[in-house]
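These are the structures, in structure tokens.
Okay, so chain A shows up in both of these, paired with chain B first and chain C after.
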Partner chain A sequence: HGRRRQQERKPTQDELQQAKQRVDRFRALNSHVMDLKAKSVFTKDSLDATKRLLEQNTELHTVWNYRRTIFTSLDEWQSQDARQQMLDGELKFLLDIITKNIKSYWMWNHRMWALSSLPRPEWQRELALVAKLLALDARNYHGWDYRRFVVAQLKDAATDKYAVDIQEFAFTTEQINHDCANHSAWHNRSKLLPEILTQRDEDGQLQALQTENDLILNAIYTDPDDQNAWLYYDWLLDIQKSDADRCRLLRNKIAMIRELLELEEDSKRPLIELVSAYAELERLQSGSVLETEKKECLETLRRLEGIDPYRVGRYTDMSRTLSKQWALAA
Partner chain B sequence: MTETFATDAKLLADKHVEFIQNLDKKQDGLEYWMTEHLRVSGIYWGLVALFLLRRPHALDHEQIISYVLSCQNADGGFGGHTNHDSHLLYTMSSVQILAMLNALDQVDGLRVTKYVLSLQTKSPMTTVCGDKWGEHDTRFAFIALAILSFFNTQDQLDVNGVVEYVRGAMNYDGGFGSKPGGESHAAQVYTSVAALALAGRLDIIDRDRLSSWLAERQLPCGGLNGRPQKLEDVCYAWWVGSALDILQRRHWIQASKLANFVLSAQDEKGGIADRPGDVADVYHTCFGIAGLALVRYPGLEEVDPVYCMPRSVVERLGLDKWQSNVPESWSQ
Partner chain C sequence: MAPNELDGMQFDVVVFGTGLEESIIASEAAAGDKSVLHVDRNPYYGGSNACFSLSKMLEWAFCHRNCSQTPSVEVLVGGQLTDAPTFVISDVSSDQCDMDTLQRLAPFELSPECTKKLQEMLKNDRDYMIELVPKVVFCRGELTEMLISCEIGEYVQFKGVAHSYLARNGTIERIPESKEDIFASNSLSLIEKRKLMRLMTMVSDNTLYAHLLDKYGDSQFTQLLQDKFKLSGMLLDAVLYLIARVNRGDTISAREGCERVHKYVKSIGRYGRMAYLCGMYGGGSEISQSFCRLCAVSGGTYILNEKVAAIEPASENEFSVVLDHGTVRAKQIVMSPDYASTAVPKDQIVSRAICILDNTCLGADTTALASYVDDSGVVSLLYVTHSTMTVPSGQSILYAWVEGSLEETRSLLTSAIQTTIDSKASPLLSIFMETHELDVSKTESRGIVVTRAPDATVDLD
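Presenting the complex of A and B:
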């Protein structure tokens, strides 16, 4: 992915020689390691050979498998202290090479194996490590998946599991305050919030939902075009306790959209959200949407066909569906 | 509804065929050796492109079959190359290749079934791992169902458990992640939707929410991205397009704009890249062409959106029965 094509010129003899040497060296090392594997050689030397090969190509999952098998076959593996030392070294090795390919499934898997095999894993240190990585690339889902893995381990070992959730929730708040368009943080939050709510009493739940509402409204106002913010808002509606609460929030949503449209009347996202808000309102409380508002929705969908032509298919489908539901002429 | 394509460029079919045929000849380059571990998948990608381009015999079938069979291991699974460890990814590619080349009978379906079933874990919840080392992912849930469907052994899997696993990976935006807790990503959406199609549980999908999310993948350039804020990439023409196709919402994106984008990512010497100006590779050639086939670009064979194989092959094997799992209300 993402490699630019370059102007091709004929390579020099020198370049051809060098390229051939690179290929020969890699192939030789590869054959050597695969040969050791075929012979089930589990020694420090074969361990070293796998390291040299993996440094050159982190995607050789068969070699990662072999490396793990060597580790567990060594005598030292049986000693807690020796194992701790070996795996601490392994974690350092992984940290050195992860930058070569931050999106490598195999390397992240190997790291998880190493942590899971450590007699004394330092989960808090791993958490800090992932936080650093996410600071560099906030949307790296390998990082977030790994973070969730680490948090699960922390929770497992914790006496107060709820406290771990709270800590993680606070981490997402930090991420969002830093950049409210961090979709990965919002996503993680959507997984934590339901857990947090179950631990609170009725008042606590209302408070949490209100805080959440304020937070997402801030994101929407910051960038009304951010599709994710609206999706999160709709999800908050889903987790409300009653239809009355949902209707109230939908009315708030509509009022907010009208404010936004006053600033920019052809704003795509607020317009589509206006229609879906009315549609949902009518679905929850039949008769609560006025005829004029229904007509406005159909007119809005027509306008959207012009404003956002790529998604014409969606708007015409919605028009047809709503017209039928509301028994109006399309 | 036939789409008339007003595209600026043409599909350089002959060039792409040549590109694929030449892949195995580039043995002077380090790239060839650095990708040896996924050779089987490379062949699958090349073959799909050739079949869809209506040039299925541009590669030697017997040679490929014999090579693929050499990748099967004692555990019944297939590795990415001879003597490489088994993994579901390469087992899937292998089985798909044999299916396309009409050589499924050359492999013992029960052996392969046994391998797939060995990767299913039941506690604390049902998951399917990619290999014995334990990584689980909605990709593997789909692959397990797909591989077993080739051998009609799907009911030996805990299908309900797998469905619950996929349901657990569903998110607030209607999309699916790599595993329960994972962020929505178009490739995982495809594997999850395809898995649910095979399992007959498309009903658990929030169709409107997911269709909207998928439609929003189309950027002003006509190309598609994999999730919000990310760059367009030709391969999403497949991951997004196939999911929309199964959801019966293909018309929620602009086909000709997408086609234009894919065509603009062609290398005039052959092959398709992730985006215009980048180096072409067989993976993007496959999914670019498959994406074009989905939107019925002229001159291409029809492609099955669940299996990413020619529809004719899927029908020959009786595997198009997933279509009867599509909720009736979706066709209205």
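Presenting the complex of A and C:
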């Protein structure tokens, strides 16, 4: 996301030697653990072996599976207290290795399993943990997905579920103010908004939608090249109750695009959005788009072929489709 | 020191004045293995960049103010900014130093009210660090790079200048600087946000910027902003006066203007969402002292409170310098212009106001820059609070300065300050003065390096 790639330099002989030794040690440990697994050895020792292996490579999902099987086979698993202690230790272990590979699906999966199996899980602490993670990397999919998992658990246990939604919604607002290009935050917001709307009366809903509209307009004007902002606008359009509302928003969208184009007439994204806005408008309300406007769309697509030559195919295809739909010469 | 302790000593470089430029030169010379003697006639570091507690500020006004630089200092205790000054300090009598402040003010016969107000303020005397010439530093400017490479950055602390304000037509608006601020701002309309973003992205993208300069470099900056970027009204003023720091009535080329915007935009994001840093504990002075420290560590000798009687060329490559404690020989001389006997005030005068406020008008913990624009001129303002450790908690200092004599600009400065305060605070103490840039005759300065006196720009670069 706009960050420069760092130049890679060639490794020295020494480094190659050390790397080879690490690989050999790893391979040995790996075969040892797979061997234990094959023999269905479910002891404290095999548990320890898997730990040492996973510290080096968090992606071995078979080993994670094996580790879970060992846990559930141990005698201590049956006692609530002993299980709590074991899994608390497991959570700490995961925390220690999380920085190695923050994007490991298996590790997050294992964490979810641990928390689901805990007699007394601490969800607030998990929320704090994921907040910290998102502070480090605001667009980490795993972070956001995990957050949704934790919030769902909190919501389950909460008496006021609506308050949880409101809190999460405020969190997305915070993230968006911090970086309006944070697509994950917008996505999460789109999951929460419908829930929030159901809790409000007619006036409250209108107000909420107006706020969303204002917010997304700010994002579009700050960076009209960000496709995500336009997508969110279109989604807001979709959740409107009537076609009349949708058409109104489409007309607003067109006016907005015209204002942007006045400033920058060859701006790719607004141009393509103009065409799709008119297309949608005609689809919802046949005959509402003027002949001149239709012709303008086709002309715009022609211009786009020159502005964005990589997508010539797309524009010519759209041209053909629209011409047919609107019974115009292409 | 013994009366003739310095007699007969020889130095590669003798530097007069411990202002910023002189101190940087001194430290560079010492690092280059030259023997350096660095003297200052004042009992404090910083020269024209010095920084004082409240009592020391008044002492400066009485004792150490160099006549040709600052003819008089007007002090207003409390009251309205439009009131006549409570007292004016115009004579320089250097033998009254180290007197108790209130004693010193006795001849002015201040009212008991005023005296009480001053006494209250003096209780927190040490909490004030008032700068003679307030300046900030670009986050990605030459001075910052220097501070980092000299490792001074490791112990001199800075606060980010978090907010920028534009004051015009009687109101003050916060102008956003970074993308995040622009997104969240309530001061700009949607299309204004687009226009500002467009300008900033174009100037920060290397290819687009080069293309821009190529095509429009020689046209006028204001023309470019109006025609190509469609800026007008508040936004145009913000870019011209707040970001590019153009003076009212000045016309600069598009190239020059874009360079300034480029420097500004480049600085944003390095340490946070702002373009400038403000030194804590009195920026300019702290930085000067740090360079002096560096010089001393590399072997430089420091003497404060040392008067210079004469500087004469002694032979082909040497000067003879007569000081209080003896006569030394120097191969090279570096001096701040106020040490030259032929120093003459140039036409460039900067009128300055220092306003200590009883409240925090632009934010409780922030540092901010502002520009006030009206038909008569553009005033630069710097606002500091307790977070820079230069004023007691709950109070703030508003510095304002503009080119021109005090007589011409007094009402402009007052309007600027009043609009910025916006009735949110009242002045506890206001100080008005002029600082003059000095010209040194060519004959005197032959073979001597004369540094520049601080100017009216906002940054130290």
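Everything that follows uses one rule, which is that the second predicted complex is superposed on the first by the 306 of 330 C-alpha atoms of A that agree within 3 Å, B and C clash if a C-alpha of one lies under 4 Å from a C-alpha of the other, contacts with A are read in each partner's own complex, and residues count from 1 in each chain.
FYI, a residue touches a chain if its C-beta (ideal position, glycine included) is under 8 Å from a C-beta of that chain, and two chains touch if they have at least 3 such contacts.
As the structure is a computational prediction, the values presented were derived from the model and not from experiment.
Visitor: After lining both complexes up on chain A, report clash or fit for chain B versus chain C.
Guide: On the superposed model, which is not a single observed complex, chain B and chain C fit side by side.
Visitor: As a test of reading the superposition: which chain, chain B or chain C, is in touch with more residues of chain A?
Guide: B
Visitor: Please indicate which partner A:N65 is in contact with in the superposed arrangement: first for chain B, second for chain C, both, or neither.
Guide: first
Visitor: Touching A:K92 in the superposition: chain B (first), chain C (second), both, neither?
Guide: neither
Visitor: According to the stated criteria, A:N177 is in contact with first (chain B), second (chain C), both, or neither; which is it?
Guide: second
Visitor: State whether A:L217 touches chain B only (first), chain C only (second), both chains, or neither.
Guide: second
Visitor: Regarding the shared-chain residue A:K191, is it in contact with chain B (first), chain C (second), both, or neither?
Guide: The answer is first: A:K191 touches chain B but not chain C.
Visitor: After superposition on the shared chain, which partner residues are touched by A:V23: those of chain B (first), chain C (second), both, or neither?
Guide: Touch status of A:V23: first partner only.
Visitor: With both complexes superposed on chain A, which partner does A:N109 reach: first (chain B), second (chain C), both or neither?
Guide: First partner only, chain B.
Visitor: With chain A at the apex, figure out the C-alpha centre angle toward chain B and chain C and round it to a multiple of 10 degrees.
Guide: Computed from the C-alpha centres, it is 130 degrees.
Visitor: Rounded to a whole Å, what is the shortest Cα gap between chain B and chain C in the overlaid structures?
Guide: 15
Visitor: Across the two complexes, what residues of chain A are contacted by chain B and by chain C?
Guide: none
Visitor: What residues on chain A touch chain C, complex-wise?
Guide: Going through chain A, the ones touching chain C are 177-180, 217-219, 221-224, 259-260, 263-264.
Visitor: Which residues of chain B touch chain A once you look at their complex with the stated criterion?
Guide: Against chain A, chain B makes touches at 28-30, 33-34, 36-38, 79-80, 83-85, 87, 131, 133-135, 171-174, 177-179, 181-185, 209, 211-213, 215-216, 218, 222, 227-230, 233, 249, 251-254, 257, 267, 273-275, 277-280.
Visitor: Which of the residues in chain A come into contact with chain B in the complex?
Guide: For chain A paired with chain B, touching residues are 1-5, 16, 19-20, 22-23, 26-27, 30, 34, 38, 57, 59-62, 65, 68, 105, 109, 113, 139, 141, 144-145, 148, 181, 183-184, 187-188, 190-191, 226-228, 231-232, 234-235, 238, 309-314, 317.
Visitor: Using the touch definition up top, name the residues of chain C that touch chain A in the complex.
Guide: 179-180, 182-184, 190-191, 193-195, 197-198, 230
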